[in-house]
Every structure is written in C-alpha cells, then in structure tokens.
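If you scroll down you'll find the structure; I have some questions about it.
As written, the chain order gives the labels A, B, C, D, E and F, with residue 1 at the start of each chain.
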Amino acid sequence: MAGGHAHDAHDDHGDGPEVLSVSDKNPRVRTIQVKRPTPAESSYLAATAKGLGVTLKHFVKNTFSRRKNTYIETIEYPEQKFEYPERFRGLHRLMHRDDGAVRCVACMCCPTVCPAHCITIVPAQTDDNGIEKYPATFEIDELRCVVCGLCVEACPCDAIRMDTGIHAKPVEERHEAIMTKDLLLELGARSTAVQGGEGADWRGKK
Amino acid sequence: MGLELVTTQLEKAANWGRKFSLFSYPFVTACCGMEFMSVAAPKYDIARFGAEFPRFSPRQADLLMIVGTITEKQAPALKRVYDQMAEPKWVIAFGVCASTGGFYQNYHATPGADQIIPVDVYIPGCPPRPEQVLDALMLLMSRVQDARGHSQLRHKREKLVLEQQRAAGALEE
Amino acid sequence: MSQKVLDALAKKFGDAVERTETQHGDEVAWIKRDKLVEVATWLRNDPAMAFDQGMFVTAIDTLDLRRPDANGAIRVVDLEAAGATRFEVCYQLRSLRHRHRVRLKIRVTEADPRVPSMTGLWSSFIWQERETFDMYGIKFDGHPDLRRIYLYEEFVGYPLRKDYPKDKRQPLVRRSDLPSSES
Amino acid sequence: MADLKTLVLGRKDVQDMDEEQELPSELMTINMGPSHPAMHGTVRIVLTVDGERIVKGDIQPGYLHRCFEKESEHATYTQVFPYTDRLNYVSPMINNVGYAMAVEKLLGITKDIPRRAEYVRVIVSEVSRITDHLTCVGASAMELGGFTPFLYFLKAREWLYVLLEEVSGARLTHSYVRVGGVSKDLPDGWMDKLLARLDEIEAVMVEVETMLNNNKIFRDRMAGVGVFSKEDAISFGLTGPVGRACGIDYDVRKDFPYSIYPELEFDVPLGTTGDCYDRYLVRVEEIKQSIRILRQCARQLPTGPGERHIIDDPRVALPPKRDAYNTIESMIRHFKHIVDGIKVPAGEAYTFVEGGNGELGFFIVADGTGRPFKCYVRSPSFVHLSSVEKTMHNHLIADIVPIFGMINMIGGECDK
Amino acid sequence: MDIVYAILDNAALKWAVLVLIMVMPLASLLTWAERRQSAMMQDRLGPNRANLGPLKIWGILHFIADAVKMIAKEDFIPGSVHRGLFALAPILALAPVLVAFAIIPFGPTVYPHVMGDVLNTYQLASGPVGDAAQQAAWAATYDDSIRAQVFQIEFGLIFYFAILTLANYGGTIAGWASYNKWALLGGLRSSSQMMSYEVSMGLSLMGMFLIWGTLEPGAMVQLQGSEPWKWGVVLWPFVPLGLVAFILFFTAAIAETKRAPFDIPEGEPEIIGYFVEYSGIRWGMFFLAEFIEIVFISAVITTVFFGGYQVPFLDPDGFRFLGDWVTVNGQQVHLGGYYLPVPHGAVVALQFGAFAIKVVLLCWLQLLIRWTLPRFRADQLMNLGWKVLLPSSLGLIMVAALAKLVSFL
Amino acid sequence: MPAGLAIVCALGFCGLFVALAVLIGPKVVTPEKLKPFECGSEPIGTPRGRYSVKFYQVAILFLVFDIEAAFMYPWALLYRHLSFSGGHVSLFGFVEMLIFVLILVVALAYVWRKKAIGWD
C-alpha cells in the first residue's frame, strides 16, 4: 500500500519543477520554484468552462446517481450517527468497583491536574479497609471542561474515564451542565482494571 | 376569545417560520470557528435545518452564535452587535469559552459571554463536536417553537428598562 | 554552534558585553543598555554577522524567580541582595545567510524600564516591542508608535509582570441585570 | 493649434486642468472589525480610505488575547499542552510538538526520544500542516466568493479530522503530544487509512486547482496583490509559506532540521513575486509535499514490539498505568508527577519548528519547579500581521480579503 | 363568456396572473433551488427538514419559513437614516422588476374557441374575408384571442432597459439612505456597476435588433419561428453573431443582477453590502428582487436567443418538418412538409411548458455559475465592463451591420 | 394605460409586504440599536462626507455612452430601410454609423487613456 504510489517519481518528469538549490543539511531536500501559470493560460471563458465542468460533474452525479455512488458525505445527524472512535474523549464517567461502589478514592489527582478546574471532589472517610476515602461529592462542570483528557491520564485507579462515546448535551442553563456523582456513576461500568490483574492497562490496547 | 385564538395561531405560525429559518450572525473569534466551519461543511451540513445563511449584519440575523472566547476587549463589540440585532433574537454560546470561559480564567478572558448578554443555549465542548452544535440547534428550535426564548422574556424586561430610562429622560437627548 | 558570534562580540565590544553564555545551544549575550544600538547595528550590518531577521522581543520578569543556590536547593532569588535588576529584555536575532542566531539581553530596573528601540533596524520589532510594552511595561525609546497592542487602552497595569494577579479582571461591560457574580 | 486648445479647454494643457480643478475629496474613516467576516473576528482595522483606496490602516489585534503566557506560568508543564493546542488551532499538533521539544531541550533529553515517537510526531504534524493549508486556501477562496472550493477542502479536512480524532481522541484540540513522546501510540491500521485518504485528497486538490489556479477572476484577485519585496520580508521577519512566497529560502525543516526531518525527502517551494497568488501556490505545493512526506513516513515508520511511543524516563513520563495501579513506587511517582509536574532544571531555551504559518518558536524559562517560569511563544501570525499594515497601503478595500486570507492570520496564535 | 375572455385579455389582470402565479412562486422557489442546487454541487444535502407534520416535500417549505420569518421579524429603521429614502429603496428595487415582466411573451396567443381543434393558421392569417357571415364566423372564432403578453409595445426591450435601470437605483439609494459607511460603499459600488454594464447590455443586443429590425419581444419570437437553427443564439450571418451576443449579454445581465461573480455591491466578506441596515421583509425585498431578476433575465434571454415559447418544429397547428413559408396577408405561414396535426390546446400547453423549461434551465445555469466562480474586484469589474464588453459590443454592431449589408447587396 | 396599471399594482404589492411586517413584527427600540452597525465598533465620523470624485466620473461616462447608445436604437431598427433608393439596405446607413461608432471608440480610447475608467 505504502510503496504503491508513484509520487516520488515527481522529479522524473521532463517538466518537473525548477530546482533552485539543494540543502546542505540534507541533500534530499531541494528548493524548487513554484510553477506559476502564464497569464495567457488563464482566460475568462476557458477557465470558467473548466471550473463549471467540475461543479457540473458534482451536480449531475449527486443529483442523478444513487446515494451511495455520489460524492455526498452528509450524515443526517439526529437519525444517522457517526460512530465515534474508540479514543474519543466524550462525557466523563465514574467506574464502579465489583460491589457497585464508586472506584474513586478521592485522591484529588484529577482536580489537581485539570487545567480548567472543572472537577469538584469533596472527600469523605469510609470504613472500607485499604481505601480510606471516597468522594462524597464528585461533580464535573461540563461547561468548563476543555476535554483535554488529562484527568483520565492522572487517575491512578481507573476511576474516571472519558470513553463513553457520547458527547455532552447542550443546555439551557449553566447549572444543568454539571454532572453529579450519580449521573457519572450511571454512565459508568465495572472497571476491568482489577488491581493487580491483567486488564489494568486498558489504554495499552491499540 | 376568537381574537386571542387567532393571535395564538399566528404566533405559532410565525414561530414555525422562525424555527426553520434561523439566519445566524457568526460572532466567530477563536478555535471554535474551525468547528463552526465543519458544521457548515458537507459532512454535517447545517443547511439541512435551514440555518446555513451567515448574515454579517445584525439587522438580518436571528441567531447570534458566539463562537469562541470573548475577551474583555471584545465584549463591547459583542454587546453592541447583540443590541443592534432586530427582534426576535436568540443567542447560542458555542463552546466552553463562550459559555463559562473554560480554562481561560484570567485577566483578559470573560468568564462566559452570559456576563455580557443573555444566552439561550450553551454548548459544552472545547470545541464542541458538530453533533453537539446540531443538538443545540435542535434544542433552540424547540425553544423557538414553544416561544420559550429569552427574547420573549426580554421584551418585558427591556420595556421596563426603557420606561425607566424614559422616566429619567435618558432618551430625550 | 554560533560561539564565534559571542567571541566576535566580546572582541569588538569588550566593555559593552557584560556576560556571555551558551545554554542548550542558544547563545546569549548581556549587553549594556546604552551600547545596545551600537552593538545591534554592527550585528546587522557586519557581513560576517549579517543578522538580518529579528525573531522576537520579550522580557523576563525575574521577580520571584527561583534558582538553585549553591546547595542545590531551589529558592526565590532575592533581587536586592543579588544586586540584580528586575527585568531582562531579550532580543532574539537570526541570520538567514549564516544560519546562526544570538540572543541579546538587556537588564533594566523596575524604576527605569527603558530600552532603546530596535525598530529602525528590524521592522518586525515594531509590534514585538509594543507587545513587550503592553505586557511588561518596558518603554522603548524611539519607538514610532508605542501603544498597547493586545489590551485595551483603559487597562491599568502590566499583566505579565509577576505581581499582577492572574485573574484580576478590569471589565469594560457587564450585564446590568445580573446579580454580581463576577468569576 | 495651441490657441484652439486653449479656447476649447480653457487651459494650455489637459494635465493642468486635471490638477487644478480636482476637488479635494474627504477621507473616510471606517472600522473594519472586530466582527467583520474578513477579519476572522479578532482584528480591528481602522481604515482611512480615499474612495475605496486605503490611505492608512491601523491594525489593532488583541481581541483574542487569552493570556497564554500567564496561564502557562500557572500550569504544570503537562498542563500547558491544552493551551498550546489553542494557539494555532488550525494545526494544533505542530504547536504540541514545538512546545514538547522546547521542554525536552531544557531537560536535555532531545536525543533520547524513541524513534517511533519522533515518526508519529512528524506524521501528525504533517497531517496538521495539510489541514492548516486546506483551511487557509479554502477560507480564502470562500472569502473571494468561491464557496464551492471551500467546501471541497472542508470535506477533505473532515477526513483528516476523523483520522486525527482516532489518534488523539479529539477533532481539533488534541493535546496529544507529551514531553518525551506522544500520549498514545497510533491505532492499528491507521496508516493505511491515512494513505487511502491522501489519495482522495489529491483528487480533491486536482478539482480545486482546476477551479482556481487558472481562473482569471481568481488570479486577478490574487496576482499582484499584497506584494512584498524580499528585503521587506526579511526585515519584517516573515517565515513559512508567506516568507517563501517572497523568495526567502528558509524552512526550519531544511535549515535547522529537527526530529526525523533529516531522513526525509521533500521539496521546499519558493515563490517569485511575493504576491498573494504566490502564497497560494506555495501553500498548495506544500500540501503536496506534506503528502509526499507522509508516504515516506508510512514506509519508514518503525514498528515492532520494542518500539515505544514515549520515553521511559521516570523524570518525564507517567509510569505505565498497570504499574501505577499495582506498585507503590510507581504510585508515588505517579502522584509526584501529577501534583508537582515534571521537574525541569533551571535554564532557558528557544526552540522553533516549522509551523503551519512559519517559524513557531517557544522560549521557555525554567526555574527548576514543575511550572514554567516564562513560556513565550514566537507566533508567526503575529509577526506576519505586523507586516500587513505596510502591505495593504494603497490597495483597495477588497484587497484586504486576499491579503488577510493568505497571511492566514490565526487569532489564537496572533493574540496568544 | 366573452366577458371572461375580455377580462382575461386585460393587461393588469394578465400581469397579476403572471406575477402572482408564475413569477413570485418561481422566484421564491428559486431561493429553495439555489440552496438545494448549491448543496448538490458541494456534496451536501441542503435544506430538507422543514416540515408541516409529516409533510416535508424536499425542503421546499424552507422558503415559506423564510418568508414567514421575514414578515414576522421586527421592522426596524435605524436612527440616523433618511427615513423616506430608506423606505423607498426596497420598493424601488422590487417594483420595477415586477413591472418589467409585462413585455415578456411567455406563451403563444391563445384562441379559446378552438382549444380542442387544430388551428387553421392559413385561415387565421388571411383574416376575415368572404361574406358577412363568414367574417362573423371568423370573428367569433378568432377575435377573443388572449395574448400571453401583458402589453405589446413597439419599443419593448427599451422599456425593459429603462425600467431595470430604475431597479438599480434601489441599491444606490439604500446605500446612501442607510447612514452607514459600509452601506454607502456598497451603494456606490452598486451604482457604478449598474452604469458600467447598462451600456454594454443594451449595445450587445443591438446587433440582434439590427438583423431582425424590431425591438418587440413578441415579434422576435415570431421571427425566430419553430426551427431551432433560426433561433437567436445560432444566428450566424458569416460570423457567430448570436453566440457572441449571447455571451456578452449574459455576462452583462448577470452583472446587473448583482450576483456572484459580480456581487461586489454585496461583497459580504469585504463590505457588508448596501443593505446592511435593512432587516426583515425590507431586506427580503432586496433578496426577492435579486431572484426575480434572475428569472427575468432568463426570460429575456429565452425570448431573444432561444426562440421564446417556441418548441422545436412545433407550429401553431402541429409538428412540421421541412415545410415552406408562405406570406399571407403580411404574415408568415408555414405550410407543407411532414406534418403531424396537434390540437390547439395541446400546442398552447406545450409552448407554455417550453417557455417555462427554457427559463428554468437558464436560471439553473446562472446558479451554476454563481456557485462556481469567485468574485470580481470592483476595478476589475469596471475594466471588464468598459474595456472588454463595451468595445466588443460596438464591434459586434458594426459586424452585424456589415453582414446585413453584404447579404442585401 | 396598462403599464401604469402594472406599476400601481407592483407598488401596492410591495406596500402590502411592508404593511404586513409593520403590523406583525415585534418592536423594541433601544438607543444602541438605533446607531449604525459598523462591525461592532463605535462609528468614527459621518458617512455624509464628500467622497472620491471618481464615482461621479463613472456616472458621467455612463450618461454619455448610454445616450449614444440610445441614438443607435432607431438606426438599428431602420437599418434595412436606410437608403436613398428605398426598400433595401445600402452603404449609406453603414458608413453613417461607422463614423458614429468611430467617434464613440475615439471617446472611449480617450477616457481609457486618461484612466477615467476604473474604480478609484
């Protein structure tokens, strides 16, 4: 696939670009003159006709062909949806532990790293041994979030993710955009990142 | 009673027309402009909703799209454009910078365009995906149909303000 | 890489050059303020130097600058104790012909933040110096049009100085009907 | 005969009449912008015009001053990446790379970056460069009234956005590159998708060039407009496509090769007259060269289990997630990294890369903490915009459109 | 019954029918067509979502929505404007183009009494001859004719040039009255452009007038006849006169409509246009006038260059190939040849249809051009008008005169 | 007079539009709204100045050439009858117009050379 293109034969053409100089740092880099068409080559009628030809081609094909043969790329959004790629950073979610409780241990990494300071965590003590704290409040203001994904990178226990594959909804009032802990947990799922288990490095999979 | 019915129906019809003919004034300043272009691009094609005409005159626009960060220097211009728009008018804050300032909380970025003018719909995302913009447009369209925009509420408020000004003799000069 | 520029500078303007240094491949020369025009003119016009492009101007506000001390501990440099000046104005120059570059630094104090303007030598500095003025309050003597460039005229203070709070806003307009919910 | 002339004209010569009888017309002062379609919403020009000819234009940028420097000073080195995305938001990857290289220089790890990471950086940079030029040329065509070429280019740009999103997770503001490498490796089969799209982009380019290159209207709008002499261009510090259109044979990738550019073969196009048409041609040619570079990268991209996408240096990179979950040392390292940021030794460095618009430089002063003491960006748009005041003198108002379009003034980068 | 026909032949009524039933809907539809066509050219779908319940009809409702919105939009007049002129400008832009339609023959003469029969062209041409009874019968059959042209005036196309010039003042006045510098620039551009192209527009058609010896559109269509090689665009007296005149006129006419590539008075990204300060329906009237002008120019071109309502080989009495022309009573009658009789009603329908199709196709062509080409700059536009079109038109006139002279000598 | 009737109808039609809009549209007038729109900035100076004279030059040229064109219409219509002998076209009409057109061309060439054609 990669080698199949003859573009590198660019300079083999007799009418290749005029080479002005060759770089002393890298002999394979040349300086070329851009080919400026002569004024005679640009005329009102001929060039207009050529341009009309291009648009006419698109018009005819798009109007009279079956949809799949056309150039048309439009997706009828609310009905058809573009499938977001796996890495798409969408709405946040909070992952669950095996017992359904929130994975987050309120270590405050994500609010620290968030450049927009859109995450608010109020930690509370928990009687769970091993994990000392849990977030009593976990709120993300989606209207502040700049979708940089640093919080996901910063989380040391795979509690917060942005891989929901859905985007944040537009809102009519500012406060509606605040995702509370319950909403975030609703989107969440049981984390595969078992402590000490194999599935921990879920980002590692390509 | 009958007259009331007629006016309601008339209003309904007018709102139907407004809904499908939202000409926008793109107040494009920043990164979100790239996604604003994408929304107009073939793939997402905002024209399907009849909202593809950018009008660069506030008189002819129905929808003020605040696309990008509003800085303190820009704010008077935004306010003036908004003030000069003809009724009825709606405002969309496009992206987090226009909505809340996003991560630009500093000496020159305003903490959201709604500090300057009223906003009807906020779109999260930095920049928002075209899908989010279309969602917002549909949300706004439902608002328009239900006459639920700020514009309707604003009438009352602005009338009040105007009366106060008149009383104070501000309009006399 | 371009050590020869520094050597030539030191040789020709021994007393005008306070100090030279090479950091991460960048050559830096501290120049005395009153000799700057002379040095810069020479740098631009001498065929062996031929610094024909001015890349950028900026300033470093060394207030609160932390540097490792002799023991390796990082601490804030006390400007007065070190006898240092607050601002360092940096001019980055580059020669297209010789492909070398140099950074000139001029120390100025907070009380007298003045530097001779280089706009006569490199046109690109017209705006760059305006920017530095806008952000740091450095006055460029002889600049044709020294106004604020990014900020509005009504703005008070110089925001990139370290003592300007990051989120101290000076709004021009706000909605009157909003409850005061600033920031 | 002369008498007859005097009789008819009332003057000795026609020339005399013109000069004496011309009414002095008043100059008009118009605000162009900030909210003007040709001003990209972020520049205001106070124009003084005589008829439609520009006598003087006072360009006032700063309507999008988002305080990149101040924000950076308050952010850790990693947190600056999202801010760099929004400098030149048409080619964010290049900003990411430039900033990362500056930090790496301060850390002294420039030579230790894994080769695969370098390749990935170059690949995403070149893809970004294509999106930049597509947007620039397309938007200029649109502002000149050619809406259809604009949408064709947007269609092509959309394909690249989808690809970039597959890599980084965001369409536009990727924050993908990290100090020491890139945050994630390329997905499987991504290069093949890219190569397929490159072919389609070439087809679109042919169509658009048919519509624009030789079109007399388009040419008349561009040729001879905004001419900049080489001397002026050097003095104003023009670089990138704009500088090359003026005949300045300078490309950072060629003259100060960084990353893996020394291993690649490409051409640097140069213009002759320095007008807008040359800028257009240079940009179009650069798209083709970027496509060429991408094809070479696809062939040479190191693959294999040993190839890392980020440096394995505890000072710089986050520990692998698996370790962070499981081992206490990695956990502590992780926390230190997040809370304190990357500790960069005190010093200062200026690093520059070939951005979409020209030499994009980052001048960082580090003080040994996890946050930059100063993070200045030498933004090409700002430098280029400063030249416009001179360029547009004595042009018509309509000429501002191609001049601005081909300078490719990007608000975020210009106003920082 | 006769009263009905008499009313139908009333000029004002015909105009109303023409404008209200044909032109306005066609122009409004054109706004929709433009959006859909540009979408098709640009690989998009275009507006298609406006619905009344389940009814969507490919987005045609969008233009109704536009109209409703514009009427329901605030009617706003800025403070410092010249109120009278400000209000006058959109009316001045719209009304003349509506009036100008009056001269266009958009169909054949209809003889309502013989709708079902084949028209006897020979009898029609020879006029009321014979005895009184025969004459009365002739009159009963043919007198109630309805001409599909609002009024026939000898100086037909001059009326058009004159009235359209008025329309162009709309832009200028709007620009000046708005008390806005951008609008002022737009208005000045508008007037300069109009003046530059008005001259060449008239002159480019002069050659055709000269060959035909008439200015009356109806007569031109009659002269062109049903055989396509006699139509204006292929008029070839030693030189491709028709084709050149067509290109010149088409260019000048597009320029007169002020649409891309000649949309410099609006020139959105440069100056925002002469109607910056107009809102709602007042702006909509400028908008509508533009589209009506497109329709109108298509109609004029159809009439002058493409045989008007003529269908190839369709005579008033049926399809005929290779016949002979006979002059009866001063009128040309086509006789003989291979002949397929067609009832008068069908002929009328076909000819109305042909006119509509030609107009639509020309509108389509104008839209195609509009969405393909970039915009001129003001001075280049003036240069094109004065330095290319005007000399070419002058040359063309002399060539036409020479050709006519040679053919007669 | 049918043309007059049509004009009245057209005017009425336009008036109807405006009247509808005036009746139906909402109305809110604020002092800021009444100011002219100038890209969001406060306007500087007045648009009622004395602007460049070239705009008028074009107008004068237009008048000149349009009136010349008006002279050509009758000639074009009567071209076939322009002869002394009657009935047929003759060299007289042609030469006559040739001279006229040549004068026009000379005028055009003159204004062309004086750079009166153009935008500024």
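General observations
By definition in this document, contacts are C-beta pairs under 8 Å (C-beta built on N, C-alpha and C of every residue); 3 or more make two chains touch, one makes a residue touch a chain.
Since we're looking at a predicted model, the values are computed, not measured.
Path length between chain B and chain C in the chain contact graph, taken as the least number of steps between touching chains: 1. Leaving out only chain F, the chains are still linked to one another by touching in one piece. Set side by side, the interfaces E-F and A-B show unequal numbers of C-beta pairs in contact, with more at E-F. The centroid of the Cα atoms in chain B and the matching centroid in chain F are 40 Å apart. One simple way to say how far apart two chains are is to compare their mean CA positions; for chain B and chain D this gives 30 Å. Each chain gets one centre point, the mean of its Cα atoms, and the points for chain D and chain F are 46 Å apart. Taking each chain's centre as the mean of its C-alpha atoms, chain A lies 55 Å from chain F. Residue positions 41-45, 70-74, 76, 78, 181-182, 268-269, 272, 276-277, 280, 371-373, 377-379 of chain E each touch two or more of the other chains. Of all residues in chain C, those touching 2 or more other chains are 150-152, 159, 166, listed in ascending order.
Shared contact sites, meaning residues of chain B that touch two or more other chains, fall at 14, 42-43, 45, 48, 56-57, 59, 73, 76-79, 81, 87-88, 103, 105-108, 114, 126, 129. Pairwise chain contacts in this structure: A-B, A-D, A-E, B-C, B-D, B-E, B-F, C-D, D-E, D-F, E-F. Of all residues in chain D, only 71, 75-76, 78-79, 81-83, 85, 148, 155, 158, 162, 165-170, 173, 175, 183-188, 191-192, 195-196, 199, 207, 210-217, 219, 249, 253-257, 261-262, 264-272, 277-278, 281-282, 285, 291-292, 295-296, 298-299, 318, 320-322, 324-326, 331, 334-335, 338-339 touch chain A in the complex they form. Residue ranges of chain E in contact with chain A, taken from their complex: 37, 40-45, 247, 368-369, 371-373. Against chain D, in their complex, chain E makes its touches with residues 38, 41-44, 181-182, 185, 260-261, 263-264, 267-272, 371-380. Residues 10, 14, 57-59, 76-81, 83-84, 87-88, 154-155, 158-159, 162, 170-171 of chain B touch chain F in their complex. Residues of chain B that touch chain E in their complex: 13-14, 16-21, 42, 45, 47-50, 52, 56-57, 59-60, 62, 86-88.
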